[in-house]
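Letters A, B, C and D mark the chains in the order given here, with residues in each chain numbered from 1 onward.
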Amino acid sequence: MTSPQRKSFGSDNHAGAHPAILSAVLAANAGDATAYGDDPLTEQTVSRLREAFGAAAAFLVFGGTAANVLGLSLLVRPFEAVICAESAHLNENECGATERALGSKLLAVPTPDGKLTPGLMAARLAGRGDAHHAQPRAVEIAQATEVGTCYTLRELQEIREFCDEHDLLLYMDGARLANAAAHLGCTLAELAGHADVLSLGGTKNGALGAEAVIVMNEAHAVAAPYQRMQLMQLASKMRFLAAQFGALLDDGLWLRNASQANRMARRLADGLAGMPGFRLAYPAEANGVFAVLPAAQASRLQQDWNFHVWADLPGGECVARWMTAFDTTEADVDEFIAAIRVTAGHGHPVA
Amino acid sequence: MTSPQRKSFGSDNHAGAHPAILSAVLAANAGDATAYGDDPLTEQTVSRLREAFGAAAAFLVFGGTAANVLGLSLLVRPFEAVICAESAHLNENECGATERALGSKLLAVPTPDGKLTPGLMAARLAGRGDAHHAQPRAVEIAQATEVGTCYTLRELQEIREFCDEHDLLLYMDGARLANAAAHLGCTLAELAGHADVLSLGGTKNGALGAEAVIVMNEAHAVAAPYQRMQLMQLASKMRFLAAQFGALLDDGLWLRNASQANRMARRLADGLAGMPGFRLAYPAEANGVFAVLPAAQASRLQQDWNFHVWADLPGGECVARWMTAFDTTEADVDEFIAAIRVTAGHGHPVA
Amino acid sequence: MTSPQRKSFGSDNHAGAHPAILSAVLAANAGDATAYGDDPLTEQTVSRLREAFGAAAAFLVFGGTAANVLGLSLLVRPFEAVICAESAHLNENECGATERALGSKLLAVPTPDGKLTPGLMAARLAGRGDAHHAQPRAVEIAQATEVGTCYTLRELQEIREFCDEHDLLLYMDGARLANAAAHLGCTLAELAGHADVLSLGGTKNGALGAEAVIVMNEAHAVAAPYQRMQLMQLASKMRFLAAQFGALLDDGLWLRNASQANRMARRLADGLAGMPGFRLAYPAEANGVFAVLPAAQASRLQQDWNFHVWADLPGGECVARWMTAFDTTEADVDEFIAAIRVTAGHGHPVA
Amino acid sequence: MTSPQRKSFGSDNHAGAHPAILSAVLAANAGDATAYGDDPLTEQTVSRLREAFGAAAAFLVFGGTAANVLGLSLLVRPFEAVICAESAHLNENECGATERALGSKLLAVPTPDGKLTPGLMAARLAGRGDAHHAQPRAVEIAQATEVGTCYTLRELQEIREFCDEHDLLLYMDGARLANAAAHLGCTLAELAGHADVLSLGGTKNGALGAEAVIVMNEAHAVAAPYQRMQLMQLASKMRFLAAQFGALLDDGLWLRNASQANRMARRLADGLAGMPGFRLAYPAEANGVFAVLPAAQASRLQQDWNFHVWADLPGGECVARWMTAFDTTEADVDEFIAAIRVTAGHGHPVA
């Protein structure tokens, strides 16, 4: 399924690691270091993360699913439920990890664009105080969302206010938080200020594989070391996770990587504008382009290019998901646009 | 707690990664690769692992606790229990990860040397067929054990036969499997042949952080991809885990690393022989030396050297755990022995 | 909230126990009996249940939520999901018991009438074979449903065929199975023949409190004794649960109780026919009437009568749920109809 | 296995229900009652329980295992562990219900007589603050214990003080709390005053089947309604559980029942005194006699009498468990003593 000669638009996970990340890992390899995070590099990196977010604590973990589960483990008990978008990664793409690890129910809401709103959340608040119902206690949002959209700061503020009014805690899945910050032109702290706990994705931002769970309030952090261990996320050679985040924080690498990916998605979206048979399913605000096109054309494109069909639509159309990464180049995008152009005009949707 | 100038004897996790591992990770970074293991390097590495073990399947995960939990998830249901040594890592050092992820009870047995025997296992078989009792269904052994001992092939054979006679499945925690193979002079397949599922530790063997779950029988492997994902262990950039195991398998690096560590532990144990006030708590068969010494002396040593006190003993003695790694040198050991010698004669145990 | 002078239409759980049930419990009290079901009355009752259902095994438990969880525990593992109607009791009214006890995700589907169909089930089959998705493994249907409708035998047959085609197991929540059998004029075995595991509700059928889990195939029954105990459902004085089911099976009491309740619901539905401002939300096929009426009128009625508002509708209307029980009389229904009539004409919906 | 002609000494669960319990259930059957505990009888009974215990709240559940799990669910999170005696019912006889429902590890300690002491508890406090270890957070004791012994009020006080000093919460398994109160001549409140949460067993005290979870402090009670529902313990026809506790509280029936059972155990123990080959394994302080006798003799006795062999001892001896109930009579005991006398002198232990 890989096509070594052509850039993959299949996932931001298809990219390798940024050279600076690799250099940092190599540098971290010198000498011994106490395991499980009790080493200077980890302490320093965690401290930098805390500062960047204005947070009480930060915990490094292996992957994005784990970050979500660990993050929510700090906010809900088994009889408490999490309101989320139906399209949420933790609802659709994590094999039920949250339900298993936490015992908690997800209260999923269909959304038009991957984004919750106060109105959509309100629809899942029924049954509070009634022992027959799992009790809504936290809200989960992804920033950026799984469909390439971003909450504006105002939208985040409205969600935060809704949470406060209704005694709900807010967890933000930040697997692509850097892309959201790049899109909004805001700081990580500005995003984090709306959440109780959030994640910062390193893997999709150029790391080998590392995510951070950021805890804004000390009270929510007390159990985190134990939860992380019990949830199988305590790295023994922690310095190598720390090194990755250290490199991302150096000279704003996280932001440059995300900005590059976002720009390439924007370039791709712009390049499709006006192409017959095409339209965007969602605005391309982060590093993904979700395009509606004839399914037959998508199939033809997939012969040479690596990407996922996100959804089948009636009438012979589908939604293709095209992701860009920190290392996607203008030439990659332009080659892809050219290929799309070639396949266009064929495979018109069924009338 | 780190002492950069002196080799740590605190854990085989205090070492960094072997240069060949780092080179392999760098080499794996070229170009795009489909995520979640659907890439050529992962396929090739998994194939090599299968071959080395004579196994049906192999699954890469992030850490040792996860390997244990995933491995056991393939063998037991929540009402089924796991017989293990009281000193088992999964019983004592994983914050209850097994109980939480699987819902299963551990039936722990005190052992003289970290090793189960048919007699010890038999003591935990009570209550089979009685719904009030968690049903013993699997046995967990560590090879090498947590206290530096190894099961002989004959002992493994006896345990396997006991399991077969009593309808028990066998999981082998191989966080230090390489050290056991080096000690016994046997192949990985010879060890694996006694187990149903086992792990192969990469991290303590010179990797950055990677473990493998090896499944001997196809029937036990069917659920593994889903269990791995739900248990938060599916790496997106899987090629980087694969690269680490690829390097360990190249030219027997895994064996050279383990052999070096074992030799250094042996050298340390030999160097202590006859030193007054010292004795080995367990035979030094893998890469750890567990030495009984006066607690006051251990404290003094800890001022300059990084290691754990494993247990306090009556009479002012303690058991110190001294671990060696692939990169421990003869000079490191000799320097440590000299330091021990200097502190000896002081801190006699309370009469 | 109870109104002792007037029959409650709030729930079939508001009724007490049928006198024959109480007599059976008293009779069962004579002498000693070995605990946990190892007594002659339990053995005999279980045997009668097996025969009535053509089943391999039957297990008595305390309540309906437990019956659902135990039943599903025999069919799914944590990474396997259960397709169900959004209105399913186990989805909406059991505080997330399934998710917590089993770790499994529920794949809930909106339905027009509480009933799944092959088409609705097919919509939740996405992601099979993909480790990112909880794997659909079982289907849950309630017979009768939570909104007073019943699957016809033909509909059950279609669901069974769909399950067989798609390698799905079928669990039937039979909290009101007797009402469904009474409605359809079929045997319990005819209903059970479509399921792999199902429950038989005693509590809503005139018992003090007892439910049975019926397992059609021996292979699914093997783990049941242990699951029942671990799920906290093994009664020590089991004879008293057995006595209740014994009485229900005697002379078809279960059917007479259910038929009476159904008839009273039918009488109520008929009595409302043509009343201005009223319509049925769902056909009244079992022992519940779900009526659309002006919300203000429902509120007035609730001052004197015990019942739940099932849903608020736009335009000032609501759905009221009126349940009948084995002991609801024609006089009760007629008194209630008269009361409704009195409140009608007031509280017109907002234009 | 039942022997209808002879009183069972197999379990206090082999007895039926006290006539006053049955009368109360019958009386509670009149008319409708709102389900799930929202009825006057339940409210009144819960209020009486609160008063009897000086407690903040009380919750009725179906069985003893459930009471233990619900009780502990109010005190620990999954990474927190429960210190208990190895012989604890929740450790040995509940099929791992605690581990599954709560995800928590049990830290079991061997005891000489079923009773924890500060010294024994201290032995399981290792690893606090270390994320690798499940964190001891609660202590579980049974009062009376599973081997027929009772903690004195002074011993309870010492345990309470130990808990307070070490930031531990105390759960008391009161499946036989009435027997302990009868033995000690103290009130339920005096016992409860040492605990944070405890259970009150109805079933072994003459009920059909009902247990109560008593919560001393309001803060621990907040989650209880949801935990009870999610743990499948919310009875719909709650009035029938309430009726049982109501009857037990009337005129001190709970105390009379327990006192009678205790007296009969004492009479049995006294009757064995001096019988050759016999000795008590534990003092008979509640309603059980644990007697050491030749195993061959125990086998012979079991041909005519229903009881369990608690443990096999070396040298051809065993420990027999003989339980008495509220309805055990002097004649029952005397007949049993006579039977034991007849079998004595045969089956001498191996020299």
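A few notes on this one:
Note that in this section a contact is a pair of C-beta atoms (placed from the backbone, for glycine too) under 8 Å apart; a residue touches a chain by one contact, two chains touch by 3 or more.
These numbers were taken from a predicted model, which means no experiment stands behind them.
Among the remaining chains, those touching chain B and also chain C are A, D. In the Cα superposition of chain A onto chain D, the rotation angle, rounded to steps of 5, is 180 degrees.
We define each chain's centre as the mean of its Cα atoms; on that basis chain A and chain D are separated by 51 Å.
Centroid to centroid, with C-alpha atoms defining each point, chain C and chain D lie 34 Å apart.
Computed centre separation for the pair chain A/chain C is 41 angstrom, with centres defined by C-alpha atoms.
Residue numbers of chain B whose C-beta contacts span two or more other chains: 36, 78-79, 94-96, 100, 103, 131-132, 134-135, 226, 229-230, 234.
Residues 78-79, 81, 92-96, 99-100, 103-106, 127, 131-135 of chain B are the ones that touch chain D when the two sit in their complex.
Those residues of chain C that touch chain B in the shared complex are 36, 77-80, 103, 131-132, 134-135, 223, 225-230, 234. The residues of chain B lying in touch with chain A in their complex are 1-4, 7-8, 10-11, 13-17, 22, 25-26, 28-36, 38-40, 62-66, 69, 94-97, 100-101, 203-204, 208-209, 226, 229-237, 239-241, 306.
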